[in-house]
Structures are given as structure tokens and as C-alpha cells.
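Chains: A, B, C, D, E and F, in written order; residue numbering restarts at 1 for each.
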Amino acid sequence: MKNIIEFEVGDDIQSFFIIKDLNLKTSSNNKKYFDMTLSDKTGQMNSKVWDIKDEMIDLYKTGAIVKVKGVVTLWQNNKQLKISKIRLKNDADNVDINELVPSAPIEPSLMYKEIFELTDLMENNDVKKLVQYFLTENKEKLMYYPAAKSNHHSIRAGLLYHILRMLKVGKGLVKVYPNIDSDLLYAGIILHDMEKINEMISDEMGIVSSYSFNGQLLGHLIMGIKKVDEAAKKLNVDEEISSLIQHMILSHHYEPEFGSPKKPLIPEGELLHYIDMIDARMYDMDKALSSVDTGEFTDGVYVLDRRRLYKSKFNK
Amino acid sequence: MKNIIEFEVGDDIQSFFIIKDLNLKTSSNNKKYFDMTLSDKTGQMNSKVWDIKDEMIDLYKTGAIVKVKGVVTLWQNNKQLKISKIRLKNDADNVDINELVPSAPIEPSLMYKEIFELTDLMENNDVKKLVQYFLTENKEKLMYYPAAKSNHHSIRAGLLYHILRMLKVGKGLVKVYPNIDSDLLYAGIILHDMEKINEMISDEMGIVSSYSFNGQLLGHLIMGIKKVDEAAKKLNVDEEISSLIQHMILSHHYEPEFGSPKKPLIPEGELLHYIDMIDARMYDMDKALSSVDTGEFTDGVYVLDRRRLYKSKFNK
Amino acid sequence: MKNIIEFEVGDDIQSFFIIKDLNLKTSSNNKKYFDMTLSDKTGQMNSKVWDIKDEMIDLYKTGAIVKVKGVVTLWQNNKQLKISKIRLKNDADNVDINELVPSAPIEPSLMYKEIFELTDLMENNDVKKLVQYFLTENKEKLMYYPAAKSNHHSIRAGLLYHILRMLKVGKGLVKVYPNIDSDLLYAGIILHDMEKINEMISDEMGIVSSYSFNGQLLGHLIMGIKKVDEAAKKLNVDEEISSLIQHMILSHHYEPEFGSPKKPLIPEGELLHYIDMIDARMYDMDKALSSVDTGEFTDGVYVLDRRRLYKSKFNK
Amino acid sequence: MKNIIEFEVGDDIQSFFIIKDLNLKTSSNNKKYFDMTLSDKTGQMNSKVWDIKDEMIDLYKTGAIVKVKGVVTLWQNNKQLKISKIRLKNDADNVDINELVPSAPIEPSLMYKEIFELTDLMENNDVKKLVQYFLTENKEKLMYYPAAKSNHHSIRAGLLYHILRMLKVGKGLVKVYPNIDSDLLYAGIILHDMEKINEMISDEMGIVSSYSFNGQLLGHLIMGIKKVDEAAKKLNVDEEISSLIQHMILSHHYEPEFGSPKKPLIPEGELLHYIDMIDARMYDMDKALSSVDTGEFTDGVYVLDRRRLYKSKFNK
Amino acid sequence: MKNIIEFEVGDDIQSFFIIKDLNLKTSSNNKKYFDMTLSDKTGQMNSKVWDIKDEMIDLYKTGAIVKVKGVVTLWQNNKQLKISKIRLKNDADNVDINELVPSAPIEPSLMYKEIFELTDLMENNDVKKLVQYFLTENKEKLMYYPAAKSNHHSIRAGLLYHILRMLKVGKGLVKVYPNIDSDLLYAGIILHDMEKINEMISDEMGIVSSYSFNGQLLGHLIMGIKKVDEAAKKLNVDEEISSLIQHMILSHHYEPEFGSPKKPLIPEGELLHYIDMIDARMYDMDKALSSVDTGEFTDGVYVLDRRRLYKSKFNK
Amino acid sequence: MKNIIEFEVGDDIQSFFIIKDLNLKTSSNNKKYFDMTLSDKTGQMNSKVWDIKDEMIDLYKTGAIVKVKGVVTLWQNNKQLKISKIRLKNDADNVDINELVPSAPIEPSLMYKEIFELTDLMENNDVKKLVQYFLTENKEKLMYYPAAKSNHHSIRAGLLYHILRMLKVGKGLVKVYPNIDSDLLYAGIILHDMEKINEMISDEMGIVSSYSFNGQLLGHLIMGIKKVDEAAKKLNVDEEISSLIQHMILSHHYEPEFGSPKKPLIPEGELLHYIDMIDARMYDMDKALSSVDTGEFTDGVYVLDRRRLYKSKFNK
């Protein structure tokens, strides 16, 4: 079955999509129609449902998953899906959500397990119980929360994927720099963005609709500090440990203009920042380069200061 | 009795001072002596105590108040106090601390009373109990804490004085801008710097020796947010109110490079920032201008971007 | 009678509007028509006048006030006023200009009177005569000049309103900071933006069409200094006073990148800057918040660094 | 006769110097002596006059020219002039001031003449009379005013020298860019720094002691604009011409942080800025490179962003 | 024969143009047509060729020169060229390329000759042979390469024109500053942008389509240094000379953020930068001012920080 | 045998040191003496050699290794080594240089071997031969060159140590990010700072005295690019590979103000930058923290933006 990115004019389509955007409009002959954007994991396409009946109007909303039947047409040189049948997904449909939204390449429960097992190896009990407390508390949301609304790792379970890759980088670094305390570093990695779960409002498909009230007033760094403070008191965590982890959360954006009022004062905080940068940049670069052939330059990538990346022909 | 600023060569002095700095040294004839800096509220002077006995060495420390007898001499074109007698202050001495350190011009307990009475007039009970909780908790320290280590209001009870003047400015502003909620604004004013009390370590003379552990790792903005969060939960304060006050604390430095990761999103926060700026600047300017005559320029003032202020001859 | 903001499809309209924008176009059947934007104090709406006769073409121009009769229609999902009758306003119409353009909430002559009376209380005669000279010279234009082309106080008589509110703030501040010379501060407030009257070209409705030649080459700060210099010489004002007021005008934007080559060197200049900021920000915030309900965030406000303001539900 | 830069230990000296700095001190045997810095055009040297009599004390002041007799000694590895005889210069001495202070390499009156003759060739009478007015008014001070207190052209008659070299550069440029109006450009060059004459207070040796009152409150750009405005009105100069020249003065520092609130809006203003930069930089570089041999680097030059310049061995 | 800028509705046109942009589209009645942008040296115009035959489709491409016959029509208030006949230019047409693209105002071969002759006068043989090597190697491309893709001197042979004008400015400067080595300065001028020839890919009409691989990875400064290094070794040029010229190329953009990691350490490099700035700015200003009348302001000019330039009425 | 850091007053010392600084001075009784700074790997100390004979003067120079005999005394509260015997080191002395200067903690030849062996595993022959060419060419200097004059890795063989640790980090990263080409990344790591060998002038103890001519005019990034370009041509390396490695060298400082005119356009370049940062920061932090006890803050560390680092008590 074709994905949106492969649709060609004339194709008959029968498939599931997410409604990304929906407007009720009135045609020149005064009939109501839906002007929608439908999406799957590969892209999105404008679609029209003509001759809407009144009982349909309240049924379909942005975010809903629908099954549609239609044909791909051309309108003003753009492809458009002209829909003849539409209905909401029901439980019997057994839709694989990974077909509908871009998702982390590893099954969330496996990522969660790998991360949790790594915390089991922690030597310091205070760090271990604090980190496991948060992993347990937020387990359900971690299964689908992205790491951002529209930047790096803005995919389903992207936050978990971001944490997992950072932990792998961290494991490599502690071998090179023996003075680094691995418990502290890993705790920083696992908790640094944890409050994105309450800063952003995401549905179970990992699509962020907006920021929360406290997300806008305080942001995930400050919210994270408060949560760690509370949990540490509840769990009787050593005060220095609690403060150091709060400090790592506070300083991981590094520069004031990116939201960190303090720079890292411990080496683990310094590393946390660079590991975060590396993982975000590798994600953004991989994504941008995936759309060009070897030997070509991408267009200017907004999140990379409009750099035009090069995909090398080089082959070892 | 003369203050340090008035000492002249040849004066016989018998008075109380604070030891600002003390070094034990050895003279060329191998005798031990104290090389000290003594201070009162008007300034400081180098002083020497010759022929130190061993039992004296551990007695005198930086920060101690001492009674000394001596004579003002000239050494390398600088005045110096040559001390013949020295002893520690005892309880019978009944020393007025305001003679020894620069202090706010109003009695701390009066300032405290004026502030507290203003909170009694607050209409919103949640705001009132939250603010009064902090005023009560910190009452003792507010009697002497300065507002800074070396910048504006770095005087005894300077924090209270700063709050009081800001409240007076705030009262003027709410008359001009009726949409401003005065309870919220006054709460922001009273709490914005409250955690300086735990960020800095001050003795009862209002002299700050250093910053605390959490002061360095988190800073008074973040510490303040945590304290308000905790207190608000304990006192069952409405969540929106608690968040707004935390947001005001977080944003009152306004610019990221001055420590605020968020800019104010409510008008009361915007005003809080400007009232803070005005009161700090008026303090710094008054202080700088107090040392020159009318019609003259000061030297470049460090905290005012090295500006050379002018004291106008103008007289209405 | 409805204002534009309240128009609904199907409404019959008979009212006065300002022509904000007018284009003569040719329809597909080769007939001429007006494509106009009409405005009142609440907003603006696209409008069409079909079948234009040649003698009408030169009659209607941007800025004119017209009486129209028409009906509100829907075109491409936007409301449009289809006009059947149009004529220019005449003297008999007795139109209230405050219904047509957004204006300061206080009658200009009352604001002027309040400001002038405050100058009567000045103790220094030189300051008084200088300030009253400018108030008198510019009286006519002050009745309608806005304080900006499109930013804060860009409303009819907005400059006068800006001055008046700043004076009220100033009166509150001089009570808290007794070293401030109120005559100097008030003079700075009244004169700081006075040359906006010659920097911008505004019609009597307070709508700015463009900047003047000298406005573009020198700007209102430099123009203001020159005017004060001239007037002070003519009125035999004390030279120090004249220089201090010129310095306050020069430095009131504070930062070089906002047009001030010098920062304030006197406390009155420092206060002038902050009072100016406060009044502008309160205006911009009130305006932005007026369009959302309590408990909501505004869209990003351009002049406030794209901040999304919050309108609190808080009610004391 | 040797200059200071050539003095060697043991030399007997009898010559004229300027007192750059003078302190009255008391020796260990309680006798008064002068601790002075003496200078000539090549440098400066610490000097001592022992056994001062009381009547001498008020006779010698910073800035005075003195004739001294003495011997060069070594004290703490530094050369020092030990003075046995000292007296003030008198009119009979016929001292050449160019031997005492660094001066422009061309006789001031010749520079003045060359500049004035160039203005005689101006085609536009308004520009000509305005420029000649200022040259005539300031003729006396131009004979010795430097262009700065301590930066480029801070030498006797340095302002005139700066103007002259800039005019020569300007003459080269108008040949390459025919759209440039040479009258306007030359006027900008001659007047751009003219008010340095009133911004700084210089003695006749071209040594600046301080900045004037208006110099500090307004600066030479604003002062220059006011003077041109006044003079242009007095001389009935065309208003556009007057505004353009004021604009050139206002914008010639180019960047806001260097004091120009406006950037040039006419090509002549753009050129004025670059000519000013070129002449200042060539002066600073020549000066820095004069102290090293070919093939060597200078120390970091403060006014050139601490660059270490290279003096090339290259010889065409 | 009219140029595009002069076309009026109804004009019959028969002329040569360049195809700046070409799209094959399908009309509502399902016929193919060309939607093109045609240009000559004065501007560009939308054009349509209806009823395209299949054999035409591959014939016409962006960049081609075509002869067309057509009529100027009005469509949606914009002029459009409706083409009845079109064919590719052939050799017999004898088209003057200067009519089709904006070009330097002097014949390239004359500019080249003038530059080359100036190098013949160089006294240092190493400099001379190095510079002449590059002029000879790049002669063919210099006849048409612009100095930029879309900024200053982005015209046919613009690079040569830029070099020539800079040399003329340089000749004026070496007269004023005798310490400047003219050979070195001229070499810097001739070589500073030479590798734009390999950084950008231009056709013979001076239109740049894109940047080269190395242009994007290294840029013309680094590419220039490598080329000079290679050539100098090949020609046995003195090492200091080679390094100094490389340094001038490296530092001529002056600020790191404009691509120069080093600032000039020799006066010739300092001058090179300012001469480059002057010539670029004079070009941009002339161009912007050419489109307005005297006494008017231009729109904000993007490359000049959005300044609105003024064209003075001033006439000497 | 004690190191300098352990010396106490009264100790008799007989050991080898490096002369870091040497001045010939004359005492008050007109005798010549050496005022020296001696150093070993742990620190440095002021030292005096009295009664210098003339034949000694030219024998001892900065950088020489000497054997001295003396006693530790106290002078003005500072320790000083009073030397009774001094002679130059001779070959028989068999001095271990690692005792005299701070050195990398691994034997240079072992580090070199480990790095070279890693290049043997490279799959791409062009990359391998290019990298091995530079390792072979520079082998001798790599044995002692530091990576900086005074910043991170400014120790003997610090450059090699820096490369080795970065390679280890790189090996960890290529496991996490499979799209990264390890050959390219390792080549970038090995070559990124290679030309520091010609940018700085270091003796065999790894002490840098100054920067080279080309080091100052071009810097090690540009010098490195030229060397790679030359070597690649000589070794017939694929052009894309050569350009990519040059681009990685050019962009590894990342920000223009730190010397990189281009930002990385390939992921391997992006990683190179972050690996470089991590290794430098870990070095600087380890060094700063080594001087304080756990639970303490360091003084402000200059190269870390004056941050006061914290050494945690935390112990897993």
C-alpha cells in the first residue's frame, strides 16, 4: 500500500490517515465541504470531502484518525486527494500508529527497558532511587512523548530515543575521562529534559498541540528543578546530590540566551551539555541529509543556522 | 568623637572599629605584628599593632569588633593608625552598630512594620498569607541582611530598605495604571529578592563574606521559585497565583544575560523589573554624587557603565 | 449604530468611514471600480464601489472621510462592504472624529490644561518659561499628534496622553526620591518627544503618512536639542539648565542602538528613561491583552520581542 | 643637544622640558622635594629636585615649561634626572615648542593656508561661506588643537593635520566617483570634528587636560550640529545644504555604539566615514610601526584591537 | 528599439531576450504553454507562449537567448508579453550581449589592458610576476565574471570593473600615505577576489547560477590563499612576499563574522579593506539612487542595512 | 627528593631546574647578581645567585637546565632559593625531562604507536596515506609539542595526548551514530591541530616561546589547509577527500570569532568540533579541580569564563 509520498495523479486510495488540519468551507454553489490536510508518516496532502451532511460536522476534528477512499487529482499544479468515502477509525481497524506518524526507530518499551536496566547498575542508591522514581512516574508518557514541538526528535517517543542515544554517548565518554562520575552524568542525561512532558501538551501520537501554562511561565528547566527538589525531599536523597542534579538541569542549555542562567560548575554538567548538543545535531543532520543524494548539497537548514549541508560521495 | 573619614595626623584615637582584614606578619627584627584594616561606617584605615604576644594571635579575627587606643601617623604619605592598646568588644560596651557599618537610614523594625501593614491591606487572601509567611519566616534576617555583596543597597538592612522604597514607587504606579493588580505587584516586590537571604552569607552587621553552596549552583531566582512553590503548597495557595509569583521572580532580571530565562508575560512582572531598576539606579547615583560638589563630575562609576555623573548646580 | 468590528454578513450599513487605502481597478468586463479599505475607530474592511463614473475618480483619496450606504457580503470567506452610495463628508454632517480613529481616552484640551497647570507650579522660572514656550508654540498640533507612526500611543493626541501619564508617574517618584529635582524631571518629560511633531507628518486625525526630511536625516532627539538650544537663547534661559535639558533629550533612549549617543549623567535623565519605558510598555501590554480573555495567552507581540502575554484570571 | 629618548646614565643635561606631572613629597629626613615627570617631544623621564624652598612650591605647576640643569642617574634600574638647577622659561629663552611636544609634521599656518585655498575653489557659495566661517572663527585654536586626548592625532595641531590629509584623500576619491559632490564632501571633512575644539580643553601645546561640560553632556557631534545650524541661519545658507552637512557630522562615526544615531544616507557621508577611518588607522599604524625594526612584530596595539602589527622587510 | 523598462500596453515587440525562468504548464482547456520570464539589460517581464508543440519543449531552457515577436498586454494589472513567434538566437543574429545583460560601463578588454599596464610599472619583480601570472591565467574569465551573485558589481565583467576602480582609489592613497608600498597594495587589490572565478559558476553573460563545491566548503579567501601559495612556489617568489599577499587576501573582509579569521597586520592590508568597502558602497549607493529623483528618498536598501538613501537636490 | 611545590624555609636543596626567566641586576653595593625564576614540573620559585663573575654572564640563559645547590629562605614573606652553587646540566647527568616540565601522562612513543595503529585499520587508502604521511613527517616534533602556549594541553607532548583522547572519544561516537564515516572523522581529529607544530615555536621541553611569522599572519587552520592541499596533490589523494578534510580543519573552531570562516557542512566536521571542545574542557576542568578539596569551589577560572568550579563530595 502506497504512502502519501508515493501518490500519483490517478491513484485510487483506500487507507488510514490523521487529520492534521480541517476547515469547514462553503462552495460557490453554497454547499458545505471539508478542506482538510491528511497525513501519514511520510508526509501530508490537501484533501476535499464534498457535500458534507450536517451530522458529519462535529464528528471530524484535527487529530482524529480516519479511513478514507478517494482518488488523487491535480488542482492548480498540486496533487489533491478527492475523497468519496470517509469514516472514523474504530477499534477493529487495528491501525499501526507507526504507519501514521514518524516514530523513533526502536520500540519504546525496549528503549525504556534498556534505560531502566542501566540505572539498576548505578552504585549510588540516592541517585538510583531518584532517577528510577522519575522513570516510573512518567513511564506512560515516555512511551509517546517527543523531545520537541518541531525541532530535533519531534517524533513519537522521541524523548526516550534522545535519552537512550545520549546514554550511549555518555558510556563512551566515561571510559576516556575517569574523573567523571557516571551515576551523576547518567542521572543528568535521564532527567535533563524530563519536564518537557509537562511543558508541552502532546497526544499519544507524539504530536504537540501547544505549551502548558507553566511551560510558558517557567519552562522545562525550572519545572524540572522543582520536581527534582520535591522528589528528592520525599525520597530522602542526599542534599548535595539533589542540588547537583538540579544544577545540571539548570545549566544544560549552557548559554543565558538559550535559557540557562548558570553555566555548568561541574564536569558532569559540562559533558551533559555537549552530549545533548551532539545528539541533537546528529539528528538534525541525518534528517536533512536523508533528502538529498550523495554529492549534493541540501537547502539551507533553518535549525542549523541555514547551513547547506553536503552529503559526501566518500565511501571507505 | 571623630569618624575615620575625619582622622588627621597626630590625632589620639580611642574608639570601636570592625576588623575588615587582618594579617599576622614578622618584622625585620623578627617580631610578630598585626597588619590590619579597621573600619567604621565612614571608611577604613590601615593599622598596626606591634609586639604581638602569642596568646593574642587566635583572639582577633576578621569581622570582630575591637576597642583600640592609638595615634594617627603618616607612613609613605598615607595615614595609619598606630595602636597601643586593643581589646575585643564586650557586652558592657553597648556599641551602636550603626556607627560601625553603613546602614539603611530607617530603623529596620520600622521598615518591617510599614511593609507588614501594607500587606494587611491586601484583598486577596492567598497572596496575603503567602507574603506574610515569608515576612514572618525571615523576619530576623531581614533586620540586617543587605541586598547585595558590593553593589546597590549593600548596607545593613539594605534588603528591607530596597523593598520598602520599591513598594512606595509601586503605590504611585498603580494609581496611574488601573489595570495593574496591586496585590500581585506588591507580592512580587516583597518576594523578588527574598532568597538573597540564603544565596549570600551575611553576618549581623550586614557584611557578606561569601555565597552559599546553592547560591552558586542555582542563584536566588531559582531558590526563590522553589521556596514559593513549597510554601504555596503548604498554605493551599491558588495554583495560578503561585505560578504568577514564581514567574515574576524568574523574570525580574529581564534579560537572559542577567539571569532571567523568561521575560515578563504579565504587566505586573514588567513593572516589577522597572521598579527594581529605578530603585537600584537611584541608590547608586545618590551614592556616587554624594562624594562630589555641585557643578562637578564624578569619576567613572563602575556599576553605571563607567559613566561620569554630573551633580547639577541647578536650584529651583 | 454598529462599528466595523461588529458587522455581520447581510447587515445594511449607512455610516461614515475614513478611506485608508484606495485603488482604481478595471473589472473583467472592462468597467472601472474602486477597491478600498474603509476604517473606523474599531477596525477596517475591504469595500467595493462598482461602475465608477469618470468625474468620481479624482474626488476620492486616501485620508478622506466619506458617507457610504451598502451591504455586508462574503467574498472568499472574508467580509466585504458592497457600496451602493458614496459621498464625501460635508460640514453639515457634524461627524465626531473620535468615532473614526482611535484616540486618547481623555479630551486633548483637558490633558493640555492639566499639563500646563502643572508647569505653573514650577519653582524655577527658567525651566517654566522654556517648557511653557514649547507647550504654547505646539498647542495646536498637540491636540491631535500621535506619539508614533505605528508603535505605542499611535493614536490621536497620543503624544499628549503619553506626556500626561508620564508626568503622573513622575509625581509619584519625586516623593520617594527627594534628591530628584522635579522641575527638571517634568521638563524632560514634557520635552523629550516634542519634536516628533516635526519628525513625523500627521494629519488632524492623528494618522502619520511619513517622516519629514529632517526627521529622516537627524531624528527627533537631535531636532529637539536644536529647538531647545534656540529657544533657551531667545528666552535667556540659564546655560546649565538648557544643557541639562538637551542632555536629557539626547539620552532618553538610553542605548546607542536605540538612538542615544550618551547615557544619562544626571538622575533626572535616568528616571526620564525608565518612566518613558514604563508608559510605553503599559500601553503596549494593555493593548495586546485587551484582545484576549482572562486565562489566555496573546499571540506573540512584535513590539514586545514576540512575547506571548498572559491575561491572569486572578481577581483580588 | 640630546632628547630624552637618547639620555644615558652619567649625561650632564641642560635643557628645556615640560612638567607633565609634579608631586611635592617629604623625604625620610623630613625635607621637601619635587617628584616630577619631565617631557620633551621624544618621551618623558622621572626627575627629582631636592631641598625645595617654600617659595618654590607655588611656582612650579603641571604644564609649565622649565629650564633645568642636572645629571642622569640610575635608580632601581630606571634612569632618573637628578636636578641641581631649575627655573621657569622666560620670554628671552625663545624656546621652540616643537622640540617640547610632538607636533604635526607641517607648520600649522601652512596647513591652514592649504585648506583655506581649497575652499576658495568651491563652486557652491553657501557651502563655501559656511566652511570659511568656521575656519575663520576657529583659526587661532586650529593652530594647536590636537584631534584627540590620547588616540590618533593627539599631537599639537593634529586636528588640522587630520583635516588636511583627509582632504587629500577626498580629492583622489572624487576623481574615481564622479557622482560625488566634492563641495559637500570637503565641507564634511573640514567640519566633522571641528567642535572637538570645544569638546576638549587643550593648552597651546596641544595637551588636553579634560573634557568640557557640554563635551561630556552632548559630545562634539551634537555640538557641531548646533553650531552649523546657528551659523547656517546667520549666513542664510540653503536649508537642504545645512541639513545635509549636519547629517554628515551626525553620521560620521557610523555605528550607534561609536556615537552616531544615524548612518549616512548620502554617498558623501558614507565616504566621509571611510576617509576618517583610513586617516586614523594610517596614523595609528605608522606610529606603532615606527618603534620596531623591519621583519618584526609590534606589541599588541590597544587602539587596533590589540593587533600585533608586522613591519615588512619587503623593499620594492 | 524599446527596452523592457519602456514597454507599454499595446506595443508590438520584436526583439532578443534571455530566458530567466521557464515553466511548462497546462491550461484549463488542457493545452500546454510556456510561462516564462524574459529579460534584457533593463529589466524583466512575464511572458506566455500558448499552444506549445511537443518538439519545442526540450528546445528552450533557462539561460537561452531567444528572438520573439509579440504584443504587450495587461493581465491582473501587470504587463505581460503575449508571444506569437519564438526561436533560438543563431550565429547570424549578431546580438550585442551588452543589450541583454547589465554590464560594466567600460569594455572588458580595455579595463584588462589598463590593469595590466599598471602592473608593468611595478618595481618588485616577484610581485609583478605573481600578479601577471594570475591576470594571464584568468584572462578569459575576467572578460565576463561578475564580482558577486546578487550584491555589488553583480554585472557582466563586474569583477574587472571592481578591481580597476579600486586600483584608481589606491593610486590616490599612496600619494597621501608615503609609507604604503604601492606594489603590495596593488597586488592585494588585484588578487583579493580573484578566486571568485572558481567560487561561483557564471555563464558568459555574467549570470551566476550557483556556487562551486570548493566555493561552499572553503570560500574564495581560502581558495585564493592556496592558489597564491602554489603559484608563488612555482614562480620562486620570495616567501615573505607570498605570505604577505596571502595574509592580505585572508584579512580583507576584516571582521570574523564576514569571513576573515585574521585582521590586517600590515597597513597595506588595512587600506585594502577600506578601499574594497568604499568601492562596494559607492556601487550600491549609485545603483539605489539611480531609481529616484533628486529630493527623494529611496526605499530601504537591503544591502545597506535597509537605509533609505537621499538623493540631494544640491547642485554646486 | 623534594619538588618545588614542597620546599620549606630552611631546606637544603640540590637538584635540577629549568631557568624560566633570568635578569642580570646590580646590587646596592654595586655587585652583579642573577635574579632568576627556576622551575620544575610542580611549580616555580624566585632564586638569587650572588657575586656573579663576568664569564658566567653569557653562560646562563632562559630555557637552560641547571644543577643548583642552595637553601630556601624567606624574603618579604615569600620563599626564595638562595643559590651557592650553579652549573649547566651535562650529558652525564641523565636528567629525566618529565621531572622538569609538566608532561602528558603517557609516554609519547606509546601514544604515537597507538594512534598510528589506529590509522592502519582505516579502510580508505587515500585517507590512510594522507594521515600517515603527516604522522610520519611530524613524528619527531609530535614527541614534545604541546597543543597550546598557555591554554589546554600546554604540556610536553600535549598535542599527541589531545589527539589520542579525541580518537578515543571518536571511537565511542561512531558506534552510536552509524552514518558517520570513521575514517573521515579520525583523519579530522589527527590533522585538525597538526600545524600548531609550525604555528608555534616550542623547544623540546614543550615550552612555547613565541608564534612563527606565518603563524601570526595566517594561523594553524589556514596553514593546515595548505599543507593538506599540497600533500594530497603529491600523494594523488581523491579531490573530494582532500577538500572535505580541509573543510573540517577550516571549520573546527566553529564560530567566526574563534577563527572558522565556515561552519561544518558535514556531520564528521560537526562531531570534530564537539570532540575538540569536550577534550579541551575536560582538561581545563581537571586541572582547575586538582587544586581544591572536595566540597570546595575553585577561584574563577579564566579560560572557563571565570566560572568557579565545584568539586563534589559525591562518592558513588
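As a convention for this text, a residue touches a chain if its C-beta (ideal position, glycine included) is under 8 Å from a C-beta of that chain, and two chains touch if they have at least 3 such contacts.
Here the structure is a predicted model, which is why all the values come from computation and not from measurement.
**Q** Quick one: how many steps at least from chain B to chain E, stepping chain to touching chain?
**A** 2
**Q** Looking at the contacts, which chains touch chain C and chain D alike?
**A** B, E
**Q** Based on CA centres, what chain would you say lies at the far end from chain E?
**A** The most distant chain relative to chain E turns out to be B.
**Q** Mind checking chain A against chain F and telling me if their interface is mostly the same residue numbers on each side, over half, or mostly different?
**A** Same: most residue numbers at the chain A-chain F interface appear in both copies.
**Q** Rounded to the nearest whole Å, what is the centre-to-centre distance of chain A and chain D, using the mean of the C-alpha atoms as each centre?
**A** 64
**Q** So the centre of each chain is just the mean of its C-alpha atoms; given that, what is the distance between chain B and chain D in Å?
**A** That gives a centre separation of 45 Å.
**Q** Which positions in chain D are in touch with at least two other chains?
**A** 213, 216-217, 240, 244, 265, 297, 308, 310
**Q** Taking touching chains as linked, do they make an open path (line), a single closed cycle (ring), a hub with spokes (star), an all-linked set (complete), or other?
**A** Topology of the interface graph: other, matching no listed pattern.
**Q** Taking the top-of-page definition of touch, could you list the pairs of chains it picks out?
**A** Final set of chain pairs in contact is A-B, A-C, A-E, A-F, B-C, B-D, B-F, C-D, C-E, D-E, D-F, E-F.
**Q** Looking at the complex, which residues from chain D come into contact with chain E?
**A** Result: residues 122-124, 127, 165, 168-169, 171-173, 175-177, 179-184, 240-241, 244, 263-267, 270-271, 274, 277-278, 281-282, 285-286, 289, 297, 304-305, 307-310, 312-316 of chain D touch chain E.
**Q** Under the definition above, what is the set of chain C residues touching chain E in their complex?
**A** Result: residues 25-26, 213, 216-217 of chain C touch chain E.
**Q** Which residues of chain C touch chain A once you look at their complex with the stated criterion?
**A** Where chain C meets chain A, its residues are 77, 297, 308, 310.
**Q** What part of chain F is in contact with chain E in the complex they form?
**A** Per the stated touch rule, the residues are 213-214, 216-219, 221-222, 225-226, 229, 240, 243-244, 246-247, 250, 255-262, 265.
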